[in-house]
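You will see two complexes here that share chain A, one where it goes with chain B and one where it goes with chain C.
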Partner chain A sequence: MHLNEDAKYRTSTQFRYWNFTPDSLASLRRNTNRAAVERVKAAFDRRRKARIAADKAQNGGEVTVVSELQTKEVECLTLEEEQKLLGYYCAQCLKMGKDNFKYPANVYYMKRFYLFNSPMTYHPKDILKTALFVATKTENHHQDLDKYCGQIGGKKPTLRDDVLAPEFILTQALRFTFEVRHPFRAVLPGHSQSAVQLQQALLSLPQTSGGPEIIHEVHQMEKRITEAHSIASDRYLKNAALLTDAYFLYTPSQIWLAAHLLADEPLTLFYLDTKFTVAPGSNSSAPLKTRVISTIRSCATMISNGDTPSQPTLEERAELTRVDKKLYQCRNPDKIDLIGLNKAQKRDATMDGKLEEGLAKKRKIEREKQEKEADDFWGPPLPNTGAPG
Partner chain B sequence: MGVSTNSPVHPKSASTEIQAAKAKALTVIRATETSASSPISKPSSPGEDGGERDLAEELNAQTRARYKKGKLLGEGTYANVFLGHDTTSPNTLVAIKKTKKLDSFKDGMSIDTIREIRFLQELKHPNIINLMAVFSSKDQNVNMVIELLPRGDLKTIYYRGADAKGPEVSYTGADIKAWMAMLMRAVWFCHEHFVMHRDIKGDNLLIAADGSLKLADFGLARSFADPGTRMTPEMVTSFYRPPELFLGATHYSAAVDIWSCGIVLGELVKRDYWVPGHTDLEIFTRITEVFGSPSEANWPGVTKLPNAPLINPSDDSAPRPPGMPTEQWNREFGQLGPIGIDLLRSMTSLDPRKRPTAKQILAHDWFRTAPAPTKTELLPQAGGGGGPVKMAEDLKRKPGEAPSDGRADKVARKIDFGSMKK
Partner chain C sequence: MSRAVQRPGGAAPKRTEITDDGGEFHSYFDSPELRNVHKTDKTSDICPVCKSSRYLNPQMKFLVNPECYHKMCESCVDRIFSSGPAPCPIAGCRRTLRKAKFRAQTFEDVFVEREVDIRRRVAKVFNRCEEDFETLLDYNDYLNDVEDITYNLINGIDVEASEKKLQGYAEANRQLIDDNENRARKAATTYAARQAQVKEQSRLRREANMREEERERQERLEGQRNIINQLASRDGDAEQIVREGQIGLKRRHKTAIPDRRKPSASATKAEDGKLLYRGLKKKTEVEPERPFSPYAGLRIANEYSVVQDHYDAPWLSFAWQDERYLAGGFKIGDFYSRVFSEAFAGLSVFVDEEVAGRNLTGSFSATEGAVAAADQDVNMSDDIF
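Right, the complex of A and B next:
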């Protein structure tokens, strides 16, 4: 009766729905971008044709004005541009989330959302606030929406509808899975475990002269372990690890160990050694250990590549501005007014509902009529007296 | 199409390309899923706003098309429950719980719904109710597809109190042992996944067609807090609420669930509520009468809990009930045998740190001494009290809500010691 870490992780939705190989992740993003581009082009095309048709009707069949809209092919964001923009907004999201949570699920809500959706369809600044609000509900930090709107701030005041309108789109795209498995839970136990194991290792060292020195070193080692733990968690896990694709590609324990490796490599390798004890003379676990370490190293590379200053450089800023301007030109015109869309959808559904209600009533009357006719023929049902059997 | 009458048909090439891209993306997603059961329908159809469907909309529409709603089983203020079936295997009946957007909750999806979905998506175990799928309907309400548990709940079987309904079902100590084993496996599984249920009671233990017991209603569940994080004590339906929550503890553990399980075990024997009361104060007083008064001696640290001054008057002359004497325990719970009584008393220890874990309970001798737990398929069933309609009643309830039988407080979650304040 024991569930190991891996068995538990494999039943999680993070593994079942949100785990990818590098290729499948890239291919999903490519397809999302391609589909969005086609839709933007189709939407622009429809509008252009509508405009020409309207012109024709006005001017008796002659096209008089050939505006830019009618000729210029819309330029869409490339996948790389999308990723740059998302990187920026996810960092914003992280900053917002840090004030509210220890575990910023909101960043991964954003990242998961944009596997299915393009910024051209839904602008990240519209999704940002909703992702954070949904995270306050899932992570036990729920607060009143009015209060939340007040806290969020921003240049323009945030309205209730700004937050609520995209909630439906977001939760649907998250496929109604709200749990994000973070590597943080491992940090503290891992810390104390390595401390205990280290002490045991030291105790098993052959006795040499200079006892007091060993005590001094134990003290120093404790400091080193504590430092490694806080660098791993504060510098890497709470920042870079969340902004990279690590959660899509690695397990929480791999991510934790990768961050620990970046913080103190020899210590982490020592810790891993204690996990792969083999009987003397046998090296059966060697291939597994090599595989584990190489996985952790590749995860560490990903995290350290994402470990950049939180403020974009001037060049990066200029590039972001350019992409954002470009996005302004190629947003899917059908999806800009999320609040309006949301209202329209609700209105349609209510009308459908009324229709269904009327139909249901009609059916009920018919059914009752049939039942009555049946009763007339067969006689009423026998009274249910619960007669002894 | 919602665009306008002027709008011509989509350019063919673009539309087919979108479909191709989308179909490919769907394939990518499916390849990563472990359950390959989802049927692949036509890859694209018009979306709800007239344009093409998003990938996410497409997946949602497929789920929605898969499960067909049948007749309404129960209507509540919080949710409606329908009978439904899986169109890919029409013999599979399901319950579809469609949550209502209450006007009183204007902050979007309700937190209870989000919690329930969050945890049930993760917890897959034979003794935990199976959430098979979630989809949203056009009116933006969330629909949860849940396995149909047609035999009602455990309370319907055991409860013979004043307002009991239906014919009495008799059962033995071996049956109690079987139900408790299934309950404890479910609780063990939750705790292994760092989830506290926080609303365990007979009404939330549903019975499947094969007689097995399933823990339901995760609307109050939460994951274990990190050391130092505050949690609200206003949880667990009052009759099943442990003393630390009455005392206002904001740091508590999975032991709250163990207390509730202990109360359920007691009720299985008594066939009535064990620690009822009209007010929180009445219930707490009853707790001290049965289990004894909390003190620094039997529960180190208890006097530091927020509500402790109200409960422990500084006046030492005030009577402090010592709890039920052992002979009374033996008389009332003789059905469990001495080993069973021992387990029951440890599960209901006042000090949460003294309660055994779910794992320790499962390893307890009680489950290994005669009589052996009854085989699941031989367990007695409710006569008339069950049925899908009873399940619907259980599903549409708001979490933490006690049955409205006049004895229970209706807004069960709010802890109210108002009458104590001087």
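Right, the complex of A and C next:
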């Protein structure tokens, strides 16, 4: 059995879980937004009812004051507002990665997370730090957690729990698939290979005007290739491509070729020509080639659309501020305190790091018993799960 | 199945040649005259060629040649065929016989002798066994075919066609026939070895039993001697002394019984195990181990690129020259192949088409809606999934 590059890509989790059609991507986000709005409204409703009940109890069964806050329907973010906010935070994430760790951060953990979750449920500010931390771990830039907290800075100092509390939520939402197939590395061989092939093509040209000129051309050609490569990788792949939805809609090889196309179109087309050489007589790969090129072109359009200056303009900033304020009003009250939720999830949830005395004693006895049993020849007895047999 | 009948003596020369004039041969055998000759010969001890009788020469041995199965004495064979092939001396039989082919007659009836020869010859060629077949039905069909050929050859029906079939099969499957023969020989030797082992075990067991019995007998004798000694030396009731002694003897005997039985019991068990094994299917020959392939023969065939040994890439030159990288097992070739495979992975995968039919919510019911419906906000392990 043979496994070619395409088949290899099809086995990846990126293809299986994280590739979408534009329509399905849009509908997914719509659904997520709608569900989040429902949840936020339900949560507010619940709180309001609870408060009214409490008031009733306090005032002896009579509702005296119905405040404005209690009657006002909460106003939630629209999908567009969510996307704007996310775009800003993704750019922030990218910038943080570059500034602090000298590598283009894996923004796609954020993007994947917010496919199934809304900023109204989990604020991007909370998720950002965790996503970046997980990315440093998965992309070979691991930092000690304390060091990481010190490094990412911010107005308020970042605490360990700030980073760790949402980690499992994020991991779950990523469906435990950490691989993001980047086009960065892939662009390297494209460079060297196209250089080799161009050299061969040029050297095989009929020599009419003497040797030195041709060698001169080869040097020029190399310069051009290197330039195209650096533009493609630095300007497009490490910025715009990460911030757009390109990873959801295209494969890494299409993305790097699109970036290369934006950097130097004739060169890229020549390179693609060498990849889809048709055997004389057969006409099989010609339609494939046109399809690939059209896909790459549409990807290039998407990347160039996302190729905006990294700093938002004044109007954009004002808009973002407005959205952020709105978000402050409509956050899901159940999910604001992530650290608290995380602690509550753990056994013997404690708020100040101390267990109740009786419970601590019980745990100690349990632990000692377990240690003693672990020394037995056959180890401790199996836990009784109530299963038959 | 009678085709594997073994010659008791096993010393007779094996017949490898295939007679090609079976038809004529058979008509000759069918003649009533010959039948009569052989029937009358059955009881006689007189050589039909030289008329010498066993009465005068008790060492006389009769031989037959599978060409015509005419009986004659050893000295006649020596005399007539020592100087090369000669025609059969029996009147009316003009077959050319060779001395090497003469052998002692196993069966008194020459027809049985001939049938056994034919069966042996056929079985030598058709030597497949049951393990070679997928189902019992296939094997039975095969046996049926073989028996048809054998029967035809023995009874002279369509002899030429049958011979042709036999020879054609032998030609086509020479290698296989040899292999099967080797296998059978091996099986026979292992069987013999196993038999020897069983015999050795039972011998040891028997010896152990005998030793045990001997020991017991000695003990009993000693006990009796003790009783007698006590009777001689002790004062008191003789009967009492005898009873005590006998109780002691019995006790000793009782303890001895399980000792004696035990090894024999376990041995029969082992023997039973052996017997059980005998009927089992033989192990199929283990195929020679193939070279290990971690992906079960899956081969990675890059379509878009051929990775070369070296690329003149300035950003990599540090790696394949730096000992710190190389010492750790870094291979530049691996890096190249990985990078190239990444560069073209999914080049002609058109996501929007291939992913189109995917059921998003079905495969991943983690949208917030599902969670909101579940209303288990605090339990975060149910949050997403």
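Keep this in mind: the second predicted complex is superposed on the first by the 327 of 389 C-alpha atoms of A that agree within 3 Å, B and C clash if a C-alpha of one lies under 4 Å from a C-alpha of the other, contacts with A are read in each partner's own complex, and residues count from 1 in each chain.
Just so we're on the same page, a contact is a pair of C-beta atoms (placed from the backbone, for glycine too) under 8 Å apart; a residue touches a chain by one contact, two chains touch by 3 or more.
Quick caveat, the model's predicted, so the values are computed rather than measured.
On the superposed chain A, the two partners chain B and chain C do not both fit; they clash. Look at A:32: by the touch rule set out above, it reaches both chain B and chain C. Once the two complexes are laid over each other on the shared chain, residue contacts for A:219 go to neither chain B nor chain C. In the superposition on chain A, A:334 contacts both chain B and chain C.
Look at A:13: by the touch rule set out above, it reaches chain B but stays clear of chain C. Touch criterion met: A:177 reaches chain B, while chain C stays clear of it. When the two structures are aligned on the shared chain, A:322 is found in touch with neither chain B nor chain C. Shared-chain residue A:138: touches chain B; no touch with chain C.
By the touch criterion defined above, A:164 lies against chain B but remains apart from chain C after alignment on the C-alpha atoms of chain A.
When both complexes are overlaid on chain A, the residue A:49 reaches chain B alone and has no touch with chain C.
Note on the superposed arrangement: chain C collides with the chain B stretch 42-50, while the other options among 6-14, 42-50 or 204-212 stay free of clashes. Shared contact residues of chain A with chain B and chain C: 1, 3, 8, 12, 17, 19-20, 24, 27-28, 31-32, 34-35, 38-39, 42, 116-117, 121, 168-169, 172-173, 175, 185, 188, 334-335, 341-342, 344-345. Residues of chain C that touch chain A in their complex: 297-305, 308, 311-313, 315, 336, 338-352, 354-356, 358, 360-361, 363-364, 366-372, 377-381, 383-385.
Touching chain C in their complex are the following residues of chain A: 1-6, 8-10, 12, 15, 17, 19-22, 24, 27-28, 31-32, 34-36, 38-39, 42, 116-118, 121, 168-169, 172-173, 175, 181, 185-193, 195-196, 249-254, 256-257, 275, 288, 291-292, 295, 334-335, 341-342, 344-345. Taken in their complex, chain A has these residues touching chain B: 1, 3, 8, 11-13, 16-17, 19-20, 24, 27-28, 31-32, 34-35, 38-39, 41-43, 45-46, 49-50, 53-54, 102, 116-117, 121, 133-134, 137-138, 140, 142, 144-145, 160, 163-164, 167-169, 171-173, 175-179, 185, 188, 334-335, 341-342, 344-346, 348-350, 352-353, 386. Chain B contributes residues 3-4, 6-8, 10-11, 14-15, 17-18, 21-22, 24-25, 28-29, 31-35, 48-52, 54-57, 59-60, 106-109, 111, 114-115, 117-119, 121-122, 124, 134-140, 142, 167, 188, 192-194, 222, 225-227, 229, 231, 359, 362 to its touches with chain A in the complex.
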